[in-house]
Amino acid sequence: MDFGFGIAPSSTINLDKVDRSRFTRLHELEPDVYKCMACGSCSSTCPAGRFSGMSVRKVILALQRGKEKEAVRMLKGCMLCGKCSMVCPRGINTRHLILSICRIYNEEQQ
Amino acid sequence: MKENIVIIGGGAAGLEAAGQLIRLGYSPIIVEKEDHLGGHLAEWHCLFPDMTPASDIVGRLAGAVSDANIFTNTEILFINHLKDSYNVMLSNGVSIIARVILFTTGFRLFDAARKEEYGYGIYNQVITNSDLEHWFRTGDDDRIGSVPMEAVGFVHCVGSRDEKAGNAQCSKVCCITAVKQAIEMKKRFPDAMVYCFYMDLRMFGKKYEDFYISAQRDYGVRFIRGRVSEVSENIEGKVVVKAEDTLAGKPVRVTLDLLVLMAGMVCNPDSTKVASMIPLQTDSDGFLKSKDNILEITSSSRKGIFYAGACTGPKTVPETLAEARSAALDIHNFIESL
Amino acid sequence: MIYQGKQKIWSEYQKEIPDDHWFYVRSCIRQNFFPGAEVMFMKICREELGKDIYETPYHTTCGGIAYHCDTIPQETVMTIVARQFSLMTEAGYENYAASCITSFGNYIEILETWNEFPEVETKIRELLWKACRREFVKPKYVAHASDLIYKFRNDIAARAKYRLVNRKTGEPLRVVEHIGCHYSKMFPSKGVGGAEYPYVLCGMIESWGGNVIDYPERRHCCGYGFRQYHVKANRGYSIANTHKKFESMEPYHPDMIITNCPGCPYFMDRWQYAISEIEGKTYGENGYGIPVLTYEEVASLVLGYDPWDIGLQLHQVAVEPLLDKMGIPYNPDEKYKGLNHKDIMRPELPGVLKCC
Amino acid sequence: MRERFLTGYNDFVLPFMFGMAFILIWCLVGMIRIIAQLPREDRRRFFLSFLNPRILLKDIKDIFCDCLFHVKLWKRNKLLGYMHSSIAFGWFMLIVIGHIEVFFYAPHRAKLLYFPIFFRYFMAEDDSTMGGAFFFFLMDFFLLVVLSGIALAMIKRIHSRFFGMRRTTNPSFMDLVGLYSLWSIFPLRLLAEGFTADISGGSFLTKSLNTVFHAFLGNHVNMLPTWWAYSLALCVFFCALPFTRYMHIPTEILLIPLRNAGVKIRHPRKGYAEAEVYACPSCGVCIDACPMGVMKTHIKDTTVYLNRQLRRHNEERIEEISDKCLLCGKCTAVCPVGVEGDRLRIAQRSLRQYNITPDYSRIDTGELVRECSFSGPTGGKVLYFAGCMTALTPQIRKAVESVLTKAGIGYEMMDRDGGICCGRPMLMAGRFAPAEEMIRKNTEIIRASGASTLLLSCPICYRIFRENYSLDGIEVIHHTEYFDRLIRSGAISLGHTATRYVYHDPCELGRGCGIYDEPRAVIAAAGELVEADKHHKESICCGGSLGSLTLGFDKRQAMTANALNNLTKASPDSIVTACPLCLSTFHRYADRPVEDIAEIVDRNMN
């Protein structure tokens, strides 16, 4: 029966249901991905952010929370200019991290 | 030297101050209400950032005061203010006339059950930092390890920075303690996911930041910025935790096998009781009020009454020890000036 | 679950509930939803327990729905409430009992506000005087009607004909208790058992023989949320919350749900039908739903009243499986007979949810 | 001159013949393979190059200079140069003169491949041939030259520092086989010819040897085995050659005409790249050149090892080495045979498959054009593109803008509020398609802006704008060049101070674009210019390069320290560079001021 409304999807991130296999693979390649303390330097300096909302911080977070689609959408705007790696206070090699994500995760699967 | 110095509290501050005073040639009297020395430190397993066993520290501190007069299992019944000294009446019948009293009465761990939404004392798998240390120390706790530990959570700031809980202050040590305990859990249960729910991470001390990075990178401890709002139990007896992942701007929920509440430091009511006998001023946070928070942190507004350690506010062990030494020197100078 | 831990909290959140002489105000909406509930409350109090419960036809809405929908300012709702208090004062009562949880929360919130800001109270007194030349004395005690039933739960248990026990197996029934949000979430000390682990319904269930289920989403809202339901565009959000609760309680296989709020039983009852239509899923046994009852209805059943006399035929989810479990006899042919055996007509049966 | 044997043949020539045939066939097949792998367009260009006399002459000159005389090595270190050219040129001359001898004295044997090699065995001098004595002298002379080279090579193995090399390549097993067989060829030849010196004649070397050691060399029983040994040594060398670094000898001869024809690397394993890989002589000059070399752990990541792994198809190591490199281009700059370590790596990176492809189609260039469009009449306008990195070093942008304003030059900024990346970092990661998309977008903006000059501050941008953008009609210029021009044209003038400046050549500006003199001229106008220990194309990368994909922040500090050490040899007051990335990298660890040229110009402008 059509009531004119349905059960609204939950916005809650359920960590029990997050498939961690790909992130585990990413972590093997990029141990520093866990070093991010979400300061946001990368996002604020990102030239692609202006055009596409790209933010390395958000990508890392989104992948950990199982929001891969969102991460892929942002990554497609990345120009790999490397400013984020220059400003990262924790010395994370963000460029290689991004490339590794682009290899492990698949936009087709989203 | 025949000057009576009463030290109230045989914890880290009391022991260190007594040790220093002995070296300066005094014979201090330590009054401790418990049956053992070392205070909270004696209940702890090991300390950040070098994982030093707490028992080693207590052993060394207690070793330095073996010559002192120590009354354990003893409480202060009353203190009378005489002309320029104090008459301290102890529960064991001893009465001491002293011109100097040092308060090293410390803190009390926040009663985590007061944060009802976290269900401490109601949900089996919710424990406190202190319970966890007890388990580290003795291995005696059925709640840990009896079920597979797939996910463990730590809640920072339980009863700290919480006006509703009556404690607006930061307890200073819980952040790093949570990091330390998370690492220890990860060492014992390498396959477990370990989450820390925090509001702010205050890694102010020496090597704390290294410790934090190591927890993230080497141990994979996951830090989620957001305070746990409520805890419930599911049909399997696991703990279901709800929080907001404020970095994602989304609510987050996770099922845990164990939830550790980082109970903070609050003022010790016993300290307040003894202070009211003189009486001494207390601060808005309930801790004893120093004469000045920068210049005279170890002095009270009353002549001959000194403070050291967490009786004036949350402190780390090194800070407590430094204050104890400082108080010993202040007492020495005070006696010299008499 | 450590039961002693809960007992400790319950012991800390006990409120004083006078024994007798109550001024009773009804809910705006309950009589349409579950018309038997308030009638049975009066009946139980007056006839079974012999209490003095006074009500007046002159009382109005408390303004709570409008207030929570942000359609009237606080002064307005306070003035409405002041008028209710003046009716109580006129009638010579000082104990105020509300049938509705939102009303109860509203009264408590207003009294606390006046406590903190006496100048507001003065202003409201002036407004009331200007509006209808009335004056009032603030009630000495404010209780929710469920507080009263809680207080008399053991008296009711002593008179009980039936218990919340499966007659066949002898096992206690698994009962979900759902407390209205406005009962104690705003002022924990004003509810029996506090906000986190309210005891008001648990006490009834325990006293009448049932087993309380503590499931993860126990604290969650029923989904009504005023604006979330009243605005059709938000209704998906409303039902999503109800859905979440049912998903959470499902593994415990509850036999029934007891509530103490006007909206909650309605939404938990009717949304089970909507969920079954949208998702094709039902939560009770054999395609039935989980019966949702108000505490007055449960008290009435326990005391042996006829299910149809207390209006259980107006529930969307069929109560027959519950009646069977409790061993309460009922006549299926009488289900849709109203007063004086007047036919009130059979409702159309839903597609998925089984309703006898 | 007379023939000693009627047959003109002995069995000992067989090993040599076998080896020779093997290596000739191998090289022929290899050459055909490489040429076949070239894209059709490159192949056409290669063949056509032989019809161009200018290129042909250059081919011949390069082959002589590079393969025989090793001119580049002479420039680097005389001893090293002598060692290589003595062996290469000496051996070459032995072969040439051997053939001349055959041509003169036994023309009917000219068909026999082995005859010139074993000439002394088959031919004997008679009293009348003075010419023979002359050639014998030459042969002995060049043999001595070669032997001296071999002796130096032996010393170099023990002590490479004599040859100006701090570190040298670690030879593989096959390299050692080749090495020892090569070393043994010429002493064996000397010995063999020593035996025949009293029969066939000889000159100052062989004859004297025979006289001095007559007791041994006069005994002809040992003669034939020695000639066998000589032939066998040649055989072993030729047969081992394809599997050793000595393959560079024949490969380089192919590489030179390919390069002169303008062929470029398109694929890391095929065609031109393969020629480069096999042309690598494993000399190890790149090891010392590599900025990563300051840390021992990175030595095996230098170009010489990349080439070795490419030959071995060790995929895991190839990936690792390719990703780690800073792409500073110094190995390419110093390589004696012209192996392009940086381009090889980029090509390798380009093979990688990614599952997420960037998409910039939604970027609205219209908005960016509006931000930088010129108002008023167009023509002669300067469009300033500061670049992403300059956003992190605002002092550069501020200084450039200040100079432009003070000089009264009308300009607009292309990325005041951030722009689209130039594409070079993406290109360096081997992802060409997204880089192309950025290039297209930026071209669109630049063309629409109506600028006639594109001024750049970042050498990374500058290089890609020069190499990969087609902005015909728009001049692309770096601010160092631009300021130099302004000074020379008198549009601006600088006040001279006594400050001692050292100039750091940024990799992309110096080696990348060949801009060395302009920045120095600008600095010299403002103060005293001193040079670093290593400068111009030998300049050492600051360590901050975006070229490396895997080098972590913590691994770069030692490189930066090393580069700073190099810069401060002449005790300058201030370090000057012309790249935002070098600037911020040096800033982190320098013990004295680090500035961009623009800052100096701005400060000293009259």
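Before moving on, here are some points about what is shown:
Per-chain numbering from 1; labels A, B, C and D assigned in written order.
Simple rule for what comes next: a residue touches a chain if its C-beta (ideal position, glycine included) is under 8 Å from a C-beta of that chain, and two chains touch if they have at least 3 such contacts.
These numbers were taken from a predicted model, which means no experiment stands behind them.
Counting C-beta pairs in contact, the chain pair with the highest total is A-D. Averaging C-alpha coordinates per chain and comparing to chain A, the farthest chain turns out to be C. Between the Cα centres of chain C and chain D there is a gap of 86 Å. Centre to centre, using the average C-alpha position, chain A and chain C are separated by 46 Å. Chain centres here are Cα averages; for chain B and chain C they lie 45 Å apart. Here the CA centre of chain B is 66 Å from the CA centre of chain D. Counting partner chains per residue, chain A has residues 32 touching two or more of them.
Residues of chain A that touch chain C in their complex: 1, 3-10. Per the touch definition, chain C reaches chain A in the complex via residues 232-233, 235-237, 239-240, 243-244, 274-275, 277-279, 351. Put simply, chain D touches chain A in their complex at residues 323, 352-360, 362-364, 388-389, 391-392, 415, 417-421, 423, 425-426, 429, 431, 434, 438, 544, 546, 549-554, 581, 584. Every residue of chain A that touches chain D in the complex is listed here, in rising order: 32, 45, 47-48, 50-52, 72, 75-83, 85-88, 91, 93, 95-96, 99, 101-108. Chain B makes touch with chain A in their complex at residues 193, 195, 201, 213, 216-217, 220, 222-223, 225, 245, 247-248, 250-255.
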